[in-house]
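Worksheet: the structure to be examined is printed underneath.
Going by the order they are written in, the chains are A, B, C and D; count residues from 1 in each one.
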């Protein structure tokens, strides 16, 4: 069974530069959860958009067939790390249908805050 | 009146293994709220997807006609419990239209954090 | 300009019975934000669905032309109050297109938690 | 590549009038993240809707080609500032497709709370 879309956009993006907790589990981070329910690996290209300079990318990740990937933007390093304390947006393009949900854990304060939303999916390709 | 879709996907999934509060109300948990507005019971099959092994399922639940079910993933045990501190995603397939919303209550810290989003609905069946 | 849909569903619903803060602003509450961008008043009928009994409703509210209504489920009393500490879902039917977003403020703990998601919109009528 | 829609609505809107933290980063605020992936600048007109008076607008913002704009409603001043402690909704109309996501950071209490959801997109124009 294949579920999803080929193109996803996440307009919200921001990784706080500081955290009250430095453990990997609770450090401030942004995650894109990518679900590939199909029987072919998903080759995903991620482009980051900024406020005041040209887009950066593609970052390339693979979601194997019938697997989920909870990808931390904090971990993206190629072609360059994602800057902290900086507004950005992202577009994900996959060669097979996937489902994308966006979550941020914010631990700038001793108690964490969470936000999450399903991405915007589209079929437009220009 | 029937409202909803037959197939839903929740890409985000994670049950924290610890809680500052052990009451059922405030222990860390993940919920899928399933609404069946129709006049036939909804037979729902849930499949869980992981990062590094084959999908598990189906977990079977029934949402009676004109009822809502706030299902805790913590409570799913057949065919196997949902592992804690583990990334997963879920797909829900129903034989009648339903509406699905996903919520997590995170009480790893003394103050709770909440996230919620409506699932991604699709009609694709492969 | 008219924006929106006639039918909306919010699968998630739960009003905590207690709050650390009793001010109207910060008491635990659930809100449905209803936006009517059109030039005709929106007559909205709300039906509540429960886990173990028949649906209750309709609750009737009006959103005037070119107005927004941030409706607290806590304030609904006719035909009966919304029970606290109880799982429910809601369906909203409007005679003109509206946009619906759902928010909960949870103040069971000294620090508040927030969740929000746009409702699920549908055109199905049975 | 163009991704998105021309019309977006955010039914939820509320800027708390007080904050426990006055830094720009952590003061209570509402943000609409606007992503323009296309090669033409996006001219966006924002209209605010209230509970008890006529809509206000348009507020005009530009999202340059291939850029993101994380717009704080707190910063909108023309034709008039956005009132604090007041329910509102917003509609965004763009001359090219954009993607819109809504986030609130609430710092009335010492620990922050976050909410976020993708806007409701529509193509209806009356």
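Definition applied: a residue touches a chain if its C-beta (ideal position, glycine included) is under 8 Å from a C-beta of that chain, and two chains touch if they have at least 3 such contacts.
Since we're looking at a predicted model, the values are computed, not measured.
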*Based on the averaged CA atom positions, which chain is farthest from subunit B?*
D
_Rotation angle superposing subunit B onto its copy subunit C by C-alpha atoms, nearest 5 degrees_ = 90
*Have a look at where subunit A meets subunit B and say same if over half of the interface residue numbers show up on both copies, different if under half do.*
different
*Determine the centre-to-centre distance between subunit C and subunit D, using the mean Cα coordinates as centres, and give it in whole Å.*
22
_Whole-Å gap separating subunit B and subunit D, where each centre is the average of the chain's CA atoms_ = 30
*If you look at subunit D, which of its residues touch at least two other chains?*
110-111, 113-118
*Would you mind writing out the residues of subunit D in touch with subunit C in their complex?*
7, 9-14, 49-52, 54-55, 85, 87-89, 91, 104, 106, 108-111, 113-120, 122, 124-126
*Mind listing the subunit A positions that touch subunit B in their complex?*
1-4, 25-26, 31, 33-35, 37-38, 66-70, 97, 99-101, 103, 110-118, 121
